[in-house]
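Both of the next two complexes hold chain A, though its partner changes from chain B to chain C.
And now, the complex of A and B:
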C-alpha cells in the first residue's frame, strides 16, 4: 500500500512539475504538431489521402514518445544536477519506485499531445478519427502511456552513467516513430527491422489503438503491450541495482 | 587588424566555449545521426503516402536539418554569455560589436555546411540517391549560401535569447517552422497560398529549391536567381538579427536587466 501511495504521489508531483515546464510541457506538445502537419500535407498531396485517419492517430501517439524520450533518459542526470540523487539513493525506498513514476509522468504528458494533435487534425485538416470500440481504444492509449513510460525508465537507467543522456534520448525519437509504425506501416520497412518493431511495446500499443479506433481485435495487442512494459520495468530495476552499486563502489554517484 | 582578430579568433574561441553540442557525445547523436534518421523518416512517410521521390526528401531534409546547428549554435554562442554571467565583461570591452558577434557566425556556418553535406551524402547512400562529383561541386555553393542564410535567422534567434530564458524551446520552434514552411517535405507550391508566402520569406526555401534543381542537372547559372534570393534573405535576417542584438543590449543597460537569467 505504501509503495502504491509513493508511486501515485510521485507521479502526480512530477506530472505537475512537467506540465509547468516550457521544454517538457509546452514544447513536447508543440513539436509533434509540426511533424503531424507535414505528414498531413504529404498524405493529402500523395496518392493515399484516404489514409489520413490512421495518420492522424499515429501522429497523435508520436507525441507520447517525444514527451518521454529526452525527459526520461535524462531523469537521473537531472536529479544529479540538482543534488538530490544521493538523497534518493540513500532513502529506504527502492530507487526503482522513485524513478518509475518520473518516467511515467513524462509519458503521461503525451496525453496532452494526443488530444492536441487530434484537435489540430480535426479543426485545421478536417480529419475525423472515429472510435468504433471506445474501451479497447482507451486501453490502447493507457497501454501506450505505460509501455512508453516503462521504456523511458529502462533508458533512464541504461544511460545513468552518461552526462549527455538527453542527446541519446533525442537520438531515439525518429527511429521509434519509424520502427513502431506510427506513420509508416511496418510492412513497408526492410524485413530486418520487423523483429525490432515486435520487441517494442509502442508497436503493439499503436496496433491496439488502431484496432480500437477503426475496428478489429485489440485485446491481444494491448496484452502484449502491457507485458512488454512489465519486462522493461523488470529489466530496468535489475540494471538499476547494479548501476547504483557500481556508482557507490566507485564513489561516482554525484559526479556531474 | 584588431577587428579581424576579434572576428576570427574571438569568434572561434567563443564558439568552442559556448556551443554545448561540440562534445562528441552530443555532436554525433544530434548532428550526425539524427539528420539521417529524419531523412529516413520522411522518405518512408513519402513512400507510404505515395508522394515524392526519395531524392526530394534526402535533399530537403539534409538542408533543413542544417537549421539545427545554425539556430542552436548561433543562439548558444551569444545568448549563453548571459547564462554564464560573462555578457557584462564582454559588453564593456572596447571591441567592436560587429566583429565580436558576427565572428561567431563563421564557425556556425561551417558546422551547418558540414551537417547538410554529410546528411546529404549519408542519406543518399542509404536510399540510393546518387549525386555525381560535378553535382557535388555545383551543390557546394548552394549549401553554403543556404547555411549562411539560416545563420541569419540564428542571429535573430540569438538576439531574442538575450530577452527570453527558454532559448532551447525558441530554437526548436524555429526549426519546426522551417520544417513545415521551407519546402523540405512539401513543395512550397503545394502549400496553401499564405503558407507559400511565409515559406518564400524564410531562409532555406530558395536554397532547397536550387539544390533540387542542381541535383536534377541544372547549372549554377540556371539557379543563380534562387541562390541570390537566398543570399539576400540571409543578409536581411543577419542585419535584423544584429540590429536586435544592439537594441536589446541598449535596452538591457537602460533597464538594468543585462544579466537577468
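And now, the complex of A and C:
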C-alpha cells in the first residue's frame, strides 16, 4: 500500500514538474505535430488516403515515444545534475520505485501529444478516427503509456553511465517508430526485424489501439503490451540494483 | 555504545591519468581514521578542501563503500545494514543543489516524506513542525526557484530532519550563506541538539565549530591530526605565539624560507586586496619578530602585531603538522 502511494504521489509530482517545463511542452505537443504533418502529406500525395486514419493514430503514438525517449533516458542524469540523485539513493526506498514514476510521468506527458495530434489531424486534414470499441481503445492508450514509460525506465538505467544518455535516447526515436509499426505495418519489414518488433511493447500497444479504433480483438494485444512492460521494469530494477552497488563501490554517484 | 563509530576507516579512489596512454592511479582519500560520537553530542570534522571530510560522511551515510576498516551508526554496520541505517539518519549538504526547483517547498518535503515512509496522517503535522523549526512557515507554497541561498539551506535542513532521525549529518551546511542566514542556521543546528539529536558537522568556519561543537576532529590528508574539545585544541597552541605581519608582494620562495625558520611552527597567508597578512605561529619561548623582518628585507612591510592563539591557529598548526 505504501509503495503504491509512493508511486502515485511521485508520478504526480514529476508530471507536475514536466507540465511546467516549456521545453517538455514543446517536445510533447509541437514537435510531434511536424512529424504528423509530414506523414499526412506523404500518405495523401501517395494516394493512400484510406490509410490516413491509422496514420493519424500512428503519428499520435510516435509523439509519445518522442516525448519519452530523450527525457526518460536521461532521467537519472537529470537527477544527478540537480544534485538530488545522492539524496534519492541515501533514502531507504528502493531506487527503482523512485525512478519508475519519473519515466512513467514522461510517457504520460505523451498523452497531451495524442490529443494534440488527433485534433490537428481532424481540424487541418479532415482525418476522422473512429473509435469502434472505446474500452479496448482506452486500454490500448494506457498500455502504450505504461509500456513506453517502462521501456524508458530500462533505458534510463542502461544509459546511466553515459554522459550523452539523452543523445542515445534520441537515436532510438526513428528506429522505434519503424520497428513498432507506428506508420507502416511490420509485415512490410524484413523477416529478421519482426522478432525485434515482437519484443517491443509499443508494437502490441499500437495493435491494441488500432483494434480498438477500427474493430478487431484488442485484449490479447493489450495483455502482451502490459506483460512486456512488467518485463522491462523487472530487468531495469535488477540492473539498477547492480548499478547502485557499482556506483557506491566506484564513487560515481555524484559525478556530473 | 557510541552513536557513530569509525574504526580504521579507509577509502581509496581508483582513477586514471594521461590522455593517450592511460595509467591507473590510486588516491587515498581517507587513511584509517577512528573516532566515536556519543548520544546527543555535536561532533565537528574540520579540515581543508580534499582532506577527506565529505568522503568520511558519505561512507557513514552509506553512499560510499569503505575500502577498509569498519563504521557503525546506531550500532548498525553501514555496509551490511545500509537500509536500516538510512531509515534512522538524516543527511544535509551545503549549496544550491539537491532540491526540485519547480516544486514548492511543501511539495519537496512531501516527496521526501514519502521516500522516508512518513505516514500520510503524520506528514502534514511533521512538515508544519519542521517548517516552523527552520523558519520557512508562510513561504512553503512558493516555488524553490525563487528562494534565496539561505532559505534553500534551511529547506535542506527541514528535508534532512523530516523523518525525525536520531542522527543528523551536516556537510558544510552554511557554505555560501550570508552572515545573518548563517547565524540563523547555527541557531537551527543548536535547536537540533536541544531536541536530542546527535549531529556530525563538517565546516570550514572555525568560529562556527568553536561555537557549536562539543568535540572536534581535525582531519588532514585523510588522517585525524587532532581531536578534542575546542578548548583543549586551543590549549594545545596556547603556549605558542602568533605574530601577524602585513606585507606586499611576498613570493612563495620567501614563505618557504619563513616556514623552516627555527621555532616557527606554521605560516599562513591571507590575501587582503593588494596586501597580504602573514600569520606566523612560533614557540612561546622565542620572539620571532626580528628574525622574520630580517627575512622580509626588501619587501614593503606594514603593521606588525602579536595576539592570543585562536581555534583557527590550533587548526592551522595541526593541519600544518599533518602535511
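FYI, the second predicted complex is superposed on the first by the 256 of 256 C-alpha atoms of A that agree within 3 Å, B and C clash if a C-alpha of one lies under 4 Å from a C-alpha of the other, contacts with A are read in each partner's own complex, and residues count from 1 in each chain.
Here, a contact is a pair of C-beta atoms (placed from the backbone, for glycine too) under 8 Å apart; a residue touches a chain by one contact, two chains touch by 3 or more.
Computed from a prediction, not measured in an experiment: that's the story for all the values here.
By the touch criterion stated above, A:13 is placed in contact with chain C alone, chain B being left untouched.
When the two complexes are overlaid on their common chain A, residue A:115 makes contact with neither chain B nor chain C. Of the two partner chains placed around the shared chain by superposition, neither chain B nor chain C is touched by A:199.
Touch criterion not met for A:220: it reaches neither chain B nor chain C.
Of the two partner chains placed by the overlay, only chain C lies in contact with A:86; chain B stays clear of it. Contacts of A:234 after superposition: neither chain B nor chain C is touched. Touch counts on chain A: comparing chain C and chain B, the chain ahead is B. Of the two partner chains placed by the overlay, only chain B lies in contact with A:168; chain C stays clear of it.
Across the two superposed structures, the residue set of chain A contacted by chain B and also by chain C is empty. Put simply, chain A touches chain B in their complex at residues 22-23, 26-27, 30-31, 33-35, 37-39, 41-43, 45-48, 51, 162-164, 167-168, 170-171, 173-175, 177-178, 183-185, 188-189. By the touch criterion stated above, chain A contacts chain C in their complex at residues 2, 5-6, 9-10, 13, 16-17, 20-21, 82-84, 86-93, 98, 248-251, 253. For chain B in complex with chain A, the residues that touch the partner chain are 23, 25-26, 29-30, 33-34, 37-38, 40-42, 44-51, 166, 168-169, 172-173, 176-177, 179-180, 185-186, 190-191. By the touch criterion stated above, chain C contacts chain A in their complex at residues 11, 13-14, 61-65, 83-84, 86-87, 91, 95-103, 107, 110-112, 114-117, 120, 159.
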